[in-house]
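The structures considered in this document are given below.
The two complexes that follow have subunit A in common; it is paired with subunit B in the first and with subunit C in the second.
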Partner chain A sequence: MRTGSSDRTTGDGRTAPDRTRPKGKIRSTLLPLSRALALFLLCLFITILNPNFLKPTNLINILRQATPQIIVALGMTIVLLTGGIDLSVGSTMTFASVVAGYFLTQVSGLPWQAAAAAGLAAGAAVGLMNGLMIAKIKLPAPIATYGMLWIGRGLSFALMGTTPFYGFADGFRKYGRGYWLGLPLPIWIMLAVAALMIFLLTWTVFGRRVYAVGSNADAARASGIRSDKVLILVYVLSGLMAALAGLLLTARMNAVDQDIGEPYLLPALASPVMGGTSMSGGEGSVGGSIIGSLLMVVLLNGMNLLNISSLWQQLALGIVMLLAVWLDVSLKRRAET
Partner chain B sequence: MPLKERLKQAPPAIWVLLLMIAFFASREATFLTIGNLLSMLRQGSILIILCMGVAFVRIGGGIDLSVGAVMTLSGMIIAWLLAKASMPMFPAILLALLAGLCLGMLNGFFVTKMRIPSFIATLGTQGIAFGISLGMNKGYVISGLPSSFEPLGHGLVLGLPIPIWFALFAILLSFILLNLTQFGVYVYAIGGNEDALTLAGKPSWKYKAMTFGYAGFMSGLAAIVITARTMAAQPTVGSGMEFEAFFATVLGGVFAGRGGIFETMLGVLFILVLRNGLNLMGVPTYLQLAIIGTVLILGIIFSTIIDRRFRR
Partner chain C sequence: MNHRWARRSLIVVCVVALALLLAPASLAAQAKAGKKLTIALVTKALNNPFWGMMKDGAEKVAAENGVEFIYLAPTKANNLEEQTRLMEDLIQRKVDGIVLVPVDSDGIVPVIKRANNAGIPVALANTNANGGQAVTFSAIENYDAMIMVAEYMAGKLKGQGKVIILEGTAGAQTTTDRLRAINDVLKKYPGINVLASQTADNQRAKGLQVMENLAQTYSAIDAVLCTNDEMALGAVEALDAAHRLGKIMVSGFDANNDALKAVMDGRMVVTMDQNPQKQAGDAVQALLDYINGKKVPKRIVTPGVVVTKENIALYESRIKK
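Now for the complex of A and B:
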């Protein structure tokens, strides 16, 4: 999947000199492994400090904690693949959860499926707005999505005020805390989403177009790809995934508040980049983003096990994200020269 | 450039601003009074100071999303030094300014030396600064500041509140730096064509890092005002300020290599008038967020479209 774009073309679409090819090939085979290795070493390190880490309940707990983050990060991955960015995912998570919570608790006689659908639709609508602003009005993606972040936040406030919605229908809550074949339901949903994403990116025309638009927009246009359609769809997908992550989190917590999604923005950006998705587009994979997410969640879980106050977590996330992006940028520059 | 020429080139935001002023003036009799103007400026002094720093970064071609968090951390530091370490006022103020400057320079280092895109680098710094602000006092507010600190937030000099004097100082300093010094010339040059400046043999990365440093310094200055006004430091006080500062500059028409102090003030006034008018009309805070966000994004879409038509 990655070899098509990562070996030969650089971030801005130029062709790198031939002599760098072997180096590039080694890099592209080693890097995913090195990330898995980093994950393994981190786990080993935490296990030595606190053996409780390896208990199955803790491992399942980690995976369940990672679920919303992985889903948001997969949405972000596909946006990054086109060379864009979606800074609104955290606020979209909140907004979609608030919409679903509103229909679940404030409107009587509505089945929970309809409320969940309304939440997903809200996420897709936010994504559609982002996509239209970026593809049609040609606003820079950071500006458009950062504006959307605040609109989503304002709308959530307007719909809910300051008192959280809580106490949802059992059918809805099952998707947060139910089990199937011994594994929590959210994990199954996450696996299904990941499989769908792999299928979408690897086996469909749309997937090829996403990579094409991201690695060389001019060439994509020259070969007849309507990049605005691809872009709009990509942002809708990102909004939809953010909404899904928000709903799973809401179902698990059995309550929605104003801060439910906001902490997910930094991890959602950092996970794909740590997993090898390039900020300049055209390069990245679903598996990498999942490993990247796991790295961050294991780090946070380790901090919990080692009794480091959760107040410092934002600091750790900021540093981890900066290091990840720096590694990406400097490796890319080394490949270019 | 004479004012008339500037007005001709001014972004469409100015017409929306006049429209808004007319609207609020017709709805609320108290809107167009000196008292309201003063209270608007006093409340807005923090935003004005932050925007001056952000304007330098914008003109230099970057984005700074960390100013709110840097202001928060500087405020926490100043309150900690005054209340917990009982340090005298002036060293504490200097240290807070220094902390702001250092965090800004850290941004500059990330962007120029580590080559991280500026909005990601500053988002990372935002996480770091908020993280330290939350962690350093376990998430609690620091209060119990000495009363000698209070005049900085509430005192009057020559009939004007001291926060407004701080804002005027920031405006004047920024104007001088941007228009009358070599540094200002380089800032515009970086935004216009960074490679050309490098080829001309100038260390353009140094000047670029300095724009971020200046934004950090201004965040430190804003931290003094906000801490003195509330006489306490909250670890989340600056959350959202970076958004207002960023959009004020975008709305005013400050982009890489274009715009200046006048355009920045235009954008700041846009936000201040909108917020003040909504307050006077009694719109609840949570609705204000949605309205301000929507108006800002519509304003930006509107001015981008007009700008593009105009250029064609």
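Now for the complex of A and C:
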């Protein structure tokens, strides 16, 4: 039952390799649980020190703060699954927000929906450029997307300069601060994006091709998969998700500044890896990336609640990240031998 | 034959003598009139509009004096390593003078010394450095200015209440001075209780996030004192979204355009106009005076103005709509 072709995926989106694995079942159930356990232990630790952590309002607060990071990280996850990397996500967040902010504040008479659409289109366009450079011109993904990082920054400065756009239409701001059924709108959007990603990766032909291209590009090509098409679509998705994350953050802050996206690049890369996504492709899951993101945001929230000084905050963040990946790697090795 | 040789050598000697006599004079003339001077301004970041205002002020004075002007700032906000590199590039380019706003008062000292060794005069603006030779230091007195803001807040609180402090980038002299001022004022009011003092790195997004988190722990907050406007505006958004802004007073520092609007709309209580245009402009002027051999004061104090609802009308032109 656990054997099969390389493009078959298990429930959590992990591939089942060709060889028979007697302990495969243990591995596939234990690993996601171990990550959830790490998150649970962290939450327990903070709660003991400050019970305010467990207040429903704080838990909602954490989820809302994690929303942009989770959305970018999910875009990054799908890129990592193909064996690629997208270093332009932070700058794409900024660029898309600046484009939306420009149409929201500098062009009069335009509905906010059009401005938001322009922002998303800008993100998709950046992704398309990345995809074309990587799939067609065959540039290495780190270089192509690093180049786009600077192009996105340059365009953002050209469009906005150093004075932030601020004061947006209420219809737009609602998506940063509004509620629906007791939960903030950004959380609903994040959940919808996550559900869509799980569906895409687990139930569609495209999803199976993403894993196939990532686990063995040559085999995928031999079996007739047009890997260039898959790659282009993957980078467009990543650009689109970065744009969406940027717009949600912009709506929340009611302002765009040049620094809005850049701090998200490394967390967006670290979250999937902390959640068990392989940087060499073919292995990873949506749930893992969400837990990876939550680990970081929960830790920062906890340190604010405990009034820990900023110097120690960075140190703690580094240690927890390394511990999470170490736990993951050592459990994986134990399950495989 | 002999006669011709003597005449020739006389001409050569005359030409050489003339050249030797004229050379220093002509070089000096070239420096004064022929070749345009080049002055650079290096700030802490590109993203904060405050540095944009400093650039405007410096650019204006440079243009008035017919001086070439270069503006540089780290692409990663408040990054010492990148600022050091920018300074090294300027030293390589042999610019005629640099107005510098150090990211880190200690960390920047080595590269100021390198500029000194290369004979390039450096004027400091806004933030001081703890070493090296500077022509002048042009800035508001951060400590005194924040004393005014903090006293205003203490007055608004009537000496009673629970406050949160949002600190700027750790290690920067402006953060240290402003924070010391806040703490010195609050010490005089035993009725004011500091709930938490956390950093938000001078950034709006961090101000938003840290305030969201702190608002979870503290159900009763009377005021939030921030060491710059960007963090204050982030805190305002966090409190507004939680419907608590009406009960909590927020103070900033810098008088950025959207902070002025927030003061006008009653979303922020007070900010400090530290006239960045004048800070940078005075530094450029001092640098030019120094190059032209005039005497320059070691410290130029820019007067700061407390901006509240009472005098916000003075800033109307900078607030949109």
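Following the convention adopted for this analysis, the second predicted complex is superposed on the first by the 280 of 337 C-alpha atoms of A that agree within 3 Å, B and C clash if a C-alpha of one lies under 4 Å from a C-alpha of the other, contacts with A are read in each partner's own complex, and residues count from 1 in each chain.
Just so we're on the same page, a contact is a pair of C-beta atoms (placed from the backbone, for glycine too) under 8 Å apart; a residue touches a chain by one contact, two chains touch by 3 or more.
If you're wondering where the values come from, they're calculated on a predicted model, not measured in any experiment.
In the superposition on chain A, A:L200 makes contact with neither subunit B nor subunit C.
Of the two partner chains, subunit C is the only one that A:N50 touches; subunit B does not reach it.
Applying the stated contact rule after C-alpha superposition, one finds that A:N301 touches subunit C and leaves subunit B untouched. Once the two complexes are overlaid on the shared chain, A:F157 sits against subunit B and subunit C alike. Judged by the touch definition given at the top, the superposed model places A:M253 against subunit C, while subunit B stays out of reach. Using the contact criterion defined above for the overlaid structures, shared-chain residue A:Q314 touches subunit B, although it does not reach subunit C.
In the superposition on chain A, A:N61 makes contact with subunit C only, not with subunit B. Look at A:A38: by the touch rule set out above, it reaches neither subunit B nor subunit C. Of the two partner chains placed by the overlay, only subunit B lies in contact with A:I143; subunit C stays clear of it.
Comparing the two interfaces of subunit A, the one with subunit B and the one with subunit C have residues 153, 157, 161-162, 309, 311 in common. For subunit C in complex with subunit A, the residues that touch the partner chain are 45-49, 51-52, 55, 75-77, 167, 170, 196-199, 201, 203-205, 208-210, 212-214, 216-217, 230, 233-234, 237, 241, 257-258, 261, 320-321. Taken together, the subunit A residues at the contact with subunit B in this complex read 133, 137-139, 142-144, 146-151, 153-155, 157-158, 161-162, 266, 269, 279, 309, 311-319, 321-322, 325-326, 329-330, 333.
Residues 50, 52-53, 55, 57-58, 61, 64-65, 153, 157, 161-164, 166-167, 177, 249, 252-255, 257-260, 262-263, 300-301, 304-305, 307, 309-311 of subunit A are the ones touching subunit C in the complex. The touching residues of subunit B, when paired with subunit A in their complex, are 63, 65, 110, 114-117, 119-121, 123-128, 130-132, 134-135, 138-139, 240, 243, 246-247, 250, 285-294, 296-297, 300-301, 304-305.
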